[in-house]
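Next, two complexes with chain A in common: one pairs it with chain B, the other with chain C.
For the complex of A and B:
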């Protein structure tokens, strides 16, 4: 009897401690998602009228002749940036800077963090300047020295520019996580491997990379989701162009429809429906990563053993 | 049938045995190539450290170390933490680069040889088993790096596992093993590539006391059987005394003494070695040394010890005078009779023996007496020293006169 009361009391305490975070999740995540979903069921425009049209918007998405292109754009953008930059280059940079002189390495990583603390418009503007069509612009000026003709990179290679702009800044997150993980590997493993006859490359391949497997998987999953919903640099650099929807991604399309007037019409309802789809894609991705990477095991016990 | 003969042939101790046979009987006859072939199976090395130093900034972790380790020898580096023993080991392994001096393997300077090319096996205090690999892959790792054929790797891994009694653990992950089992896996991994030099960094420190004593004997036996030159780092003087052929005692980066366990015990070079070696610490007592009447006298408050004969002449020769430190082991104090008298201060029974603390005019001496010796706390007691086993050290430098 007394034990039961104690148990209830303990549960009550748990609830008290959980309330702050539960509030934040409800107000800033759950509530907006529900609101988005509800707006997605209306034909709401600038008049903010709740005209319920059921699944009308979703049927419209299926009929939208740009939806397929934008979806494939999104997947291309997310996975190319992820593989080559947010995970690939991040790994390369952290491995390289960990294995060189400590001071030089951390100075290099600090430099790479600068874009993160630069306002995004300034950062995007720098890229726009560098990629201009004039011969004196940075890219053309550098490339002309190896005989490549001057072009406007934004018009001729929009995807390259979009991925570079996002990837260059995206590296820093993985870089920080991977560097911390690499530095937490007990030195004895590295010593044992080098005595066992491994070269530096073999140590990286057979000891260090397997030991930071969990951080790599975490960064992969986390960055997939954040790339999926990111659009600000694309907005600033190409705004989905050049031409029709060349570099338009799903999140940007949703933004365009909801907040930018096409022929004087603001489609809150349709934009919200698109955003809902994005949330669903994100959820599916999370579940896939959870299963494939067996994150449950990660939660069960610490995986960096000492 | 044929395969089992081959397996037998591949057993490393067998090679060592064969090698010795061949050295004794065939080496002098002109068939040099046979010896060469057999010795390759087990290539031992002679390690020489010449003026070896390692500085970390302004800290001299190892300072001008000179040591010679013969092939097949089991040498222990002994000292308190921070004495430079592990630093020295890591320099021999090639992980640290010496600030000054040279490391020789036989006649070759290996300062610039990377660890992977030194052909050494190493066991760490933490065992350092790769947590993502099964026991089998941990042991196979050095051979895989050498790109040996699969069949050979498999045979050698099983041999090493058999030698260390861990055959049934090959499919487990290190996290599923006990400390003692992990230790065996670490040993197997170090042995599997048939190293010319075996380095062990406090390998028994993480084991419980009982297992440690068992592994101590096993390690010693294994080293004898395989005959691999071995350097063993420890802060535990019992480990060093029981296992090593020779012990290098280090303190503050400097070599204090390099000698056999018996010699370290009987002839400590200075007060540091005297105090560090021996499970019951040596009595070290400050005194005043004066000469007179053709003998030397050590004044210890109410006690005076007279040195005549060889001991007296040694003191006279080196011109020792003034502050000196008496060193006498508890078992070298004879209790019950003798020229000195003191009060029994406290008694600590040890089972077979007991330690009697004697207060003689303000000086506390610990004496080891058999448990049957009848004495009580507060008793007056007579005692004397085994004169020829007394040590005397310079009061300033701590160096031994005898």
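For the complex of A and C:
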């Protein structure tokens, strides 16, 4: 009897502690998602009228001749940036800076944080200037010294530019997580491997990487979702151009239709339907990552006492 | 102790010096005070005074605040807002003279870049939802259909009738077309403009043109003798001769200017009889071909012009003489002078301006106008300030006050009498571009105009960047316009 009361009390306490985070999730995540979904079922524009059209917007998306191109752009952008920068380069920078002198390593990592703390418009402007077509623009000026002809990088290599701009920003998050994980590996393991005659590369491959498997998986999953909804720098650098939806990604398309119309005609309803699709894609990706990376194991209590 | 005292004296001295420097800077940066003659609109006009008194007599409040939103986005257009401050001063001194205890306060915003039109309009609609819309809202005339149909703004016919004989008879008649929707007038014109094709006289001189030939170019364009093909040819000559980097510049962001090329090929934008927008097939085919040729055959427009920035790809190259032609607007002249990119003299010496040439022999040269207008929101009525708002609009619709705006920002007159206003006629540029209004077209006052504009922009950008050839681009343009706009578009051969 007493035990039951205690159990109930414990549950009550837990609920009290959970209330703040539940409130935040409800107000800032659940509520906007529901609202977006509901607006997606209307033909809402500047009049803000809730004219219900059922699945009309979704049927329109199926008929939208650019939807397939924009979806494939999005997947290309997300996975290329993820593999080469947000995870790949982040891992490389962490490993390299952890294996060199501590002070130099820290300084180097601080440099990689600069793009993240620079205001986005300033950062984008710097890239725009650097990638211009004139011979005096930074990229052309540097590349001309090795005999490469001047080009307008935004026109000829828009994807390269979009991925570099986003990638250099995206490195910092993974870099911090990976560095922390690498530093928390007990020194004994590294020493033991060295004593056994392992080279640095072998230590990285067979000791360090397996030990930071969870952080790598977490960063991969988190950054995938983050990239999926990001469009700010693409908007600032190419605005989806230079051709017809050349670098337009799903989130940018939704933004363009919902908010940016020179002629003042906005389509909140259609934009919201596009955003809802993005939420669904995000959920599917989360479930796939959850299953494939076996995140459940990560969340379990350790089987042994550490 | 002595040290502390000395330090304090130094601080006070520094403070005084700082205040003096600030005062001097402030004096020079302060906006010019309205000259005495414009204070007299009400004094001079007994009839207007009576009309104003009639409107204001109902008001019991002591202080009435009217909120006004205006936008440049070019900074020289600041009189769009400032004139209201002048008008309120005028009204207040007159009210004081009458012994009234009512005072009028003007508050609001004049938005400039980086705020662009899209953001400005977004802000308005969101503010409206929040019940915080301005009482007077300046916008492009093409929004009137949408604003009126959805009851954001009120019809002004009764007010206009009241002041017709004193003020509104004077509005240039064609401008009323731009503010009429379903038989009612919903706004008061604030300004209009023409979009000239500017050219560099100095480059033409270097190409061997005589002064007479240069001065005759606008006339040759006006008569239709010099066409868009000649424009490409001449631009190519200048580029090939190494005199300029770029032959032709056009705006770098979405806008309505590109439609001039379509109009030059005989395209129509709307059918006033049916109220529908128009898609002229042949004109669009030729327009797309022209843009393609300009970039990829003649090499006179940069393939990335649509993704450029205003300073480095538009104002800069032209004002520095690195481009021969620039498809711009009359207001750009005001912007170049105010920004110090050109002086009045260097503009006169090196820059010429003409209509946009006809597409082919036998067709007309063109320009495009986009009158801006003052509207009164429904929320102004709910707040009980619509009458005062209209009095203020009436006072700023004055030849002297409007000429301040017109001259500083290089926009064109809205009033017939303004054409004879001393300040306006002193401006040789405004006088010289006035003829262009005979060749102008307004953009359609249609709720789906934004879709038309956006699709055209996307396709033209794809053509210039080399993503689409002219034939493929035309097919996509046709499909997109007809599916998106549906019954509101009329397709003509």
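Operating definition for what follows: the second predicted complex is superposed on the first by the 295 of 306 C-alpha atoms of A that agree within 3 Å, B and C clash if a C-alpha of one lies under 4 Å from a C-alpha of the other, contacts with A are read in each partner's own complex, and residues count from 1 in each chain.
Keep this in mind: a contact is a pair of C-beta atoms (placed from the backbone, for glycine too) under 8 Å apart; a residue touches a chain by one contact, two chains touch by 3 or more.
These numbers come from a predicted model, not from an experiment.
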item: Partners on chain A (chain B, chain C) - clash or fit; value: fit
item: Contacts of A:211 with chain B and chain C, given as first, second, both or neither; value: first
item: Partner chain in contact with A:146 - chain B first, chain C second, else both or neither; value: neither
item: Partner chain in contact with A:188 - chain B first, chain C second, else both or neither; value: first
item: First (chain B), second (chain C), both or neither touched by A:5; value: neither
item: First (chain B), second (chain C), both or neither touched by A:111; value: neither
item: Partner chain(s) touched by A:62 [first = chain B, second = chain C, both, neither]; value: neither
item: Included angle at chain A between vectors to chain C and chain B, based on C-alpha centres and rounded to the nearest 10 degrees; value: 150
item: Partner contacting more residues of chain A (chain B vs chain C); value: C
item: First (chain B), second (chain C), both or neither touched by A:201; value: neither
item: Closest Cα approach, chain C to chain B, once both complexes are overlaid on chain A (Å); value: 47
item: Overlap of chain C and chain B interfaces on chain A (superposed complexes); value: none
item: Footprint of chain A on chain C - complex, ascending; value: 117-118, 121-122, 125, 129, 140, 142-143, 146, 150, 253-255, 302-304, 306-307, 309, 312, 447-454, 457-459, 461-462, 465-468, 476, 479
item: Footprint of chain C on chain A - complex, ascending; value: 46-48, 65, 128, 132-133, 152, 154-155, 238-239, 241-246, 259-266
item: Chain A - residues contacting chain B, complex; value: 186, 188-189, 191-199, 202, 206-207, 210-211, 213, 305-306
item: Chain A contact footprint on chain B (complex, rising order); value: 90, 93-95, 114-118, 120-122, 124-126, 128, 130-133, 141-142, 145-146, 174-175, 189, 193, 199
